[in-house]
Structure formats: C-alpha cells, structure tokens
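For reference, chains read A, B, C and D in written order, and residue numbers begin at 1 within each chain.
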Amino acid sequence: MGIAIIIGAGEGLSGSLARKLHARGYQLILAARNTAKLINLQKETDATLVSCDASNATDMERVFAAADAIGEPLKIAIYNPSARVRGGITDLDPQAVKSAILITGYGAFLMAQQAAKRMIPNGKGAILFTGASAGVKGYPNSSTFAMGKFALRGLAQSLARELHPQGIHIGHFVIDGGIRNSNRAEHIELEKNLDTMLDPEAIADNYLHFLDQPRSSWAWEIELRPWVEKF
Amino acid sequence: MGIAIIIGAGEGLSGSLARKLHARGYQLILAARNTAKLINLQKETDATLVSCDASNATDMERVFAAADAIGEPLKIAIYNPSARVRGGITDLDPQAVKSAILITGYGAFLMAQQAAKRMIPNGKGAILFTGASAGVKGYPNSSTFAMGKFALRGLAQSLARELHPQGIHIGHFVIDGGIRNSNRAEHIELEKNLDTMLDPEAIADNYLHFLDQPRSSWAWEIELRPWVEKF
Amino acid sequence: MGIAIIIGAGEGLSGSLARKLHARGYQLILAARNTAKLINLQKETDATLVSCDASNATDMERVFAAADAIGEPLKIAIYNPSARVRGGITDLDPQAVKSAILITGYGAFLMAQQAAKRMIPNGKGAILFTGASAGVKGYPNSSTFAMGKFALRGLAQSLARELHPQGIHIGHFVIDGGIRNSNRAEHIELEKNLDTMLDPEAIADNYLHFLDQPRSSWAWEIELRPWVEKF
Amino acid sequence: MGIAIIIGAGEGLSGSLARKLHARGYQLILAARNTAKLINLQKETDATLVSCDASNATDMERVFAAADAIGEPLKIAIYNPSARVRGGITDLDPQAVKSAILITGYGAFLMAQQAAKRMIPNGKGAILFTGASAGVKGYPNSSTFAMGKFALRGLAQSLARELHPQGIHIGHFVIDGGIRNSNRAEHIELEKNLDTMLDPEAIADNYLHFLDQPRSSWAWEIELRPWVEKF
C-alpha cells in the first residue's frame, strides 16, 4: 500500500488514524516530540518511530528520510501538531506566541513540502491537516491560536489549488469541539450516551473518507462537531 | 430501515442515490415534476413515484402523505431541484427569476418543513440539500442562480444550528463542476480516464458518508469538485 | 446631481439617508408600501413619493417611471425592505415564508434590474442593499430570514462581479445589531452614552462613504455592529 | 490629537496615511527597516523615525518607547509590513518561508500587543492592519503569502472580538489588486484614466473612514479593489 506518515502522533485522533491505516496495510511512520509515549501504538501498528520538533526543518527532513529508507512510495502525510497560548493580547509572552505559530502553521508547511517532493513525481498522494474552528473564526483571548490555525488553513487552501491538479489530494479537517479522551474513564462514562464530545474514531473515519474519494469528486475541507455543539 | 424521499429525482445523482439507498434497504419515494422518466428507476428500486412541483406547498404535502401511507418512519429527505436563468441582470425575465428562486430555495424549505415535522418526534433523521458553488460565490451573469443557491445554503446552515441539537442531521453538498452524464456516451469515453467531471456515484457516496457519521462528529457541509477544477 | 431612489423608505436608516442625499443635492424618490408615514420626510427633502409593493414587478417599474419623468440621470438606488418570520421550521406558515423571501430577496432583484437598465448606458451609478448578519450566518429559528438575506447577499455579490466593470458600484451593508430608534425616547436616553445600538446616522455615513469611493478602490461589502456586539 | 504609529512606513499607502494623519494633527512615529528612505516624508510630516525589524520583539518595544517619550496618548497603530515568497511548494526555501510568516503575521501581533497595552487603559484607540486578498483566498504557488496573510486576518478578527468591547477599534483592510506607484511615471500616465490600480490616497481614505466611525457602528474589515479587478 505504501507509506503513511503521521506527525504529532499520540493517542486520541492520531492513534485511531494509525490503527485504521495499519489495518489497510500502510507502513507507518509516527513522529512526535516524545516518542516514548508511542511504544504501545508502535507495537500495535508495527510503526517506525521518529522523534521530531515539527517546526524544525532538519527534524522534518529526518522524518521523511526514514520513509525513504523503507523504499516504498509515500502515500499519506498527516499533520496534527498545534500549540495554543491562551490569554488576552497583553498577557501573552511573545516568545511563546512565536513558537506556537511556528508549530501550528510553519511545521505544517515543512511537512507539506517534504511530502510534495515525494508525491508529485508519482502524481498521487494525500496531505491531510488537522485544523480547528479557530482556523475559520478568530475567538477573543485566543489570538495566538487564531494566527496558527488561520495560517494552517491558508496553507491547505493554497495547496488544494496548487496540488489537486497534480494529483495530490489535500484535506483540512476543522475540528470544532472537545475530543473524547479514552484515558479519562470518567469522561467515557459521562459521554457514553450523550455524544457531546467528538469521537476520535469518528474523526478518523472522515480522514479515511477523503482518502477514498475518487479524484473526480474531491473535497478539500470538512467541519466536524458534536450534534449539540453551538456554532 | 424506514423511508427515504428524494425530491427532484431523475437519473444522474438522484439515480445513484436511489440505487444506493435501495441497496441499504430503504423504502423509496421519488418525486419529480415528470415521473414518466422515472419508470426504469422505479422498477429497479421498487420506489413509490409522486409527481410534484417542488415549489408548491400542496404538492409537497402530497409527497410526504405518500410516505405516511407506508407507515414506516421517515429517515431521509433529499432535495435536488434547482432552476437557473442565465444572463445579465437587464436581460432576465422577472417571472422566470421568481420561479427559479422559488424552486431552488423555497421548495427546499417546503421539503425541510415536512421532513422536520416527521423527524423531530423521533429525534432522528437526515435532511440533505444539493447545493452548488453558486451558493458560496456569486458569479457574474448568474444573479438568479446566486439568489436561489445562497438562499438554499442559508436555509441549510440555519437548520443545522436549529435541528442538529434535536437529532436531525443536515447536509449541504456544494457541487462545483459538471456532473458526468451516463446518457451521453461520448462524454463517458471522453472523461473515462480524465475525471474532469464529477461522477454521480462518487457524489452519492458523500451523501451516504454523512448518513454514516455518528452524531458525535457531524459535518453540515462539504464541497466537491474534480481535481482539475479551478476554484 | 441626479436622482436617488430609496425603496423601503421610512424613518430610521432611510430617513437619515434621504436627508443626507438631499443635502448633497440629489432629487429623491421615496418608495414604500405605505407612503402616508413619509409626509414629513417628503416635505423636508422635497421628495417624490411612490407607493409600492417591493416584490411586485409592475410596482417596481412604476417607481422607476417616476424617476424617468423627472428627466435627470439615475445615480443611486437603495434597497431596504425585508420581512422576517420567526420561529422553528415546523411552526412557520409557508405562505408567509414565501412572501418574506420575495420581499427580502426578489424585490432587491427587481430594483437592481430597473436601476441597471438606466445606469449601464451612463456607465455609472450605485446600487446599495441593506443586508443583515442573517445574510452571512444562518441562525437557528430564523430560517426564513436566512433565506431572504442570503439570497440578497448572493445577488449583491453576483452584481458586484457583473456590474463593477460596467461602472456601476454595488454596496452590501451587513447590519449586525439593533438600530437605535429616535421615536422611542426611552431608548435614546438609555443608549445615549452606551452606544449599544447602531446609530442610523452612522450607518448612513457608510453608505455615503461607498458613494465617495473612487472606482480605483471600490468595496462591495462592509459589516457594521456596535462595539459591544458579540459576533 | 495624540500619537499615530505606522510600522512599515514608506511611500505609497504609508506615505498617504502619514500625510493625512499629520494633516489631522497627529504626532507621527514612522518605523521601517530602513529609515533612510523616509527622510522626505519625515520632513513633510514632522515625524519621529525609528528603524525596526517588525518581527523582532525588542525592536517593536523600542518603537513604542519612542511614543512613550513624546508623552501624548497613543491613538493609532498601523501595520503594513509583509513578505512574500513566490513559487510552488517544493521550490521554497524553508528559512525564507519562516521569515516571511514572522514578518507578515507575527510582527503584527508584536505591534498589536504594544499598542493594546497603551490603549486599553485609555479605553480607546485604533489598531489597523493592511491585509491582502491572499488573506481570504489561498492562491496556488503562493502558500507562504497565504500563511502570513491568513494569520494576520485571524489575529485581526480575534482582536476585534477581544478589544472592541474594550473601546479599541480594529481594522483589517483587504487590498485586492496592484497599488499605483507614483514613482513610476509611466504607470501614472497609463493608469490616469483607467483606474485599474488602487490609488494609495483612496485606500488611505478608507483607513480614515474607519477612524471616523462612531463606536455604535464599527466595521472591522473592508475589501478594496479596482472596479475592473476580477474576484
């Protein structure tokens, strides 16, 4: 099937994606700042782990070099990392803001560039970005996250126009709401019948749906939120 | 499985939807201005046919009365009709413009109202609208279609906010590009390998994808276009 | 200066516009369903009054025939009327919904068509539409207003693309918030220092600002809301 | 009148703004990477010049310290700088991309933070950002500019929601089209009667219009383009 790279791997959405892509036969490369937390997922999915600061160009090259070493075509690249600094504009630390923008936005560019270099010669592939409602609406006291997620959406929309005609499918997933965390047992119980938080399995199914779209009928974006979420 | 109603049934997208929903076990009601053209589809899908002017309230009631007569719960209602009057603003016939707005926008309201009356008591169901790029961007020399499709999108967005918390899933499908027509053989050949037109089967799969989304992770809109379509 | 037509004239925003345009030397034609309420404004602005159902094509022709009779060029046409039917989708009366869509959206088309016929030969003029936040966001329990105001915005955007290159300036004003009503004395006092409601004089100044924009730098839309309004 | 700071000062739009604000009586601080080019403008407007890398937090503090030294209240802060790196995603230099995002987006945050610290205690002021069509639409082969200008727009929208209720007016100006350059004589002649490029004087008048809006009726964004510009 080829290789799928997930940047910002962990449990939750990335874990669901990793398991579903492994089940489809993809060779997985999971990259994260701290790969220690990925040991169980690595065993389950037979993945290659690479530690990486997503906003560091050299680190990002190293992740894709690991894909090259496997010797199969790169089919999928998924970008999840984001950083959020909350607070009113006057309360924010400029260094933290800069770092957050670079992780949320610039790192996605670094990944897309590495992925595009490998996919364009094949005329196929998919580059998927995990966005947020903060990327379509700038909330108060959230200027940092707005900057990062708007930048990410601008990147994705620009790449959809640039790379779709080259056979590379772009996906931008606007996650609007809290994601259910299976590690917090109380949440599971609480949410079991209410579905007030996004289920990572359900989100992941939307990523797979994009992968399944034939090129005659491609989407580049979808917004997902719980039925009871105000918007 | 319950009942699925398709307003503006015909071949192409509606035909694909009808076959796929029939295969899933839904009882179909197909409504169109002229039901004569639906005979083959009716045989294939064991559907009930109802003739209807979609912008006529009494006609719309009659379509849903046919569903009531079957005695199963209404699960899905899909609205396809639209009317387009092309030309510069000064060239348009006001009566044709009025009629087009009512068919494209108001008829969707009539359907949604009838559907909501039956779905709300059950706390579930899906109401799906076939939109167009004209609903998100007003093109020159296309003011009539812009009015109708913007109105349709406004309706869908309003209903998503109103009915999602009542368990009714709303879908608005922004079709951007020409739809492949299997009746035009030359087109099929021409397009076979190029995928420059939307495949009705692929569009229909997106409608089904919305039906499959669990309520923890609902979308209300998706844009679909061929990989080579400029946007 | 030429002629300015205001459809949906009354006090509030239309009154402010009428006085400001009169002060600039325009010959005014004020049209409304009930012109009796316009007597004072008529005296103040030396306007011609025409009664009209804005969604009736014949009525609209009559309004513009009054302009033709004056024998000066038509420079400005402003559309204010809207109709709102509040309530959940199942509670709405279909006839009231149809009427509301036609007044809010279709009537604007009728006006734009008459205006364009007279402005295009001159290669200049301005057609301005009073929109609402309901035209950019579909609120729950407000599907009727969403349909009408989305349709209006689609019309305006389409005409901006069609008529700007013909020298006709289009303006769509997204009014987001309550408009201060000088007839309600208690409101004036209440609001005097808080500015929590839109001032009609201030809104009208934005319409004039559009009229003052040279064609090298045209806007087609602006959103206006009180400083404290949530959005 | 107080102090107005312009970051990214030069001729063109910034020059027009500087002259108009000087004429209104504001004390000007003009900041640019290279202040040598500002000598003439400085003489004309009696401005204080400060050299600054807009994406450097220390530099930005220094600009605002110059305002503090004057001892009048800060009323206006305007951000113009942007950096563009053109090319397909695979051709871009990551360091240049990072630098461009920081100048176009992060620098605007640095300015807004310094401005807000001084304006919030007064409960008034205006922070204005020069955006571009690239901030609302991601064009192909322009992913870098899309990231920067989307980030800028996200910042502006977030701050409008956060600071409007604190009395600080936010403006985001979407410039869509080429700006006429008075230094290129041939352009002036060429464009004199065609108005196919934005006139800096006309753009600046829109900034002033925002300054003149009373808080009952604030806009946060306006799109400006020549009458013949496709969009």
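Assorted remarks:
Everything that follows uses one rule, which is that contacts are C-beta pairs under 8 Å (C-beta built on N, C-alpha and C of every residue); 3 or more make two chains touch, one makes a residue touch a chain.
Because the structure is predicted, anything quoted here is derived from the model rather than measured.
Looking at the partners of subunit B and subunit C together, they share no chain. Farthest chain from subunit D (centres taken as the mean of C-alpha atoms): B. Over half of the residue numbers at the subunit C-subunit D interface are used by both copies of the sequence.
One rotation lays the C-alpha atoms of subunit A on subunit B, and its angle is 180 degrees to the nearest 5. Averaging Cα coordinates per chain places subunit A and subunit D 32 Å apart.
Here the CA centre of subunit B is 45 Å from the CA centre of subunit D.
In subunit B, the residues touching two or more other chains are 161.
Taken together, the touching pairs link the chains into one ring where each has two partners.
Inter-chain contacts occur between A-B, A-D, B-C, C-D. Every residue of subunit C that touches subunit B in the complex is listed here, in rising order: 57, 88-90, 92, 94-95, 97-98, 101-102, 105-106, 109-110, 112-113, 116-117, 120, 134-135, 137-144, 146-163. Residues 161, 164-165, 167, 169, 180, 195-199, 202-203, 205-206, 209, 212-231 of subunit B are the ones touching subunit A in the complex.
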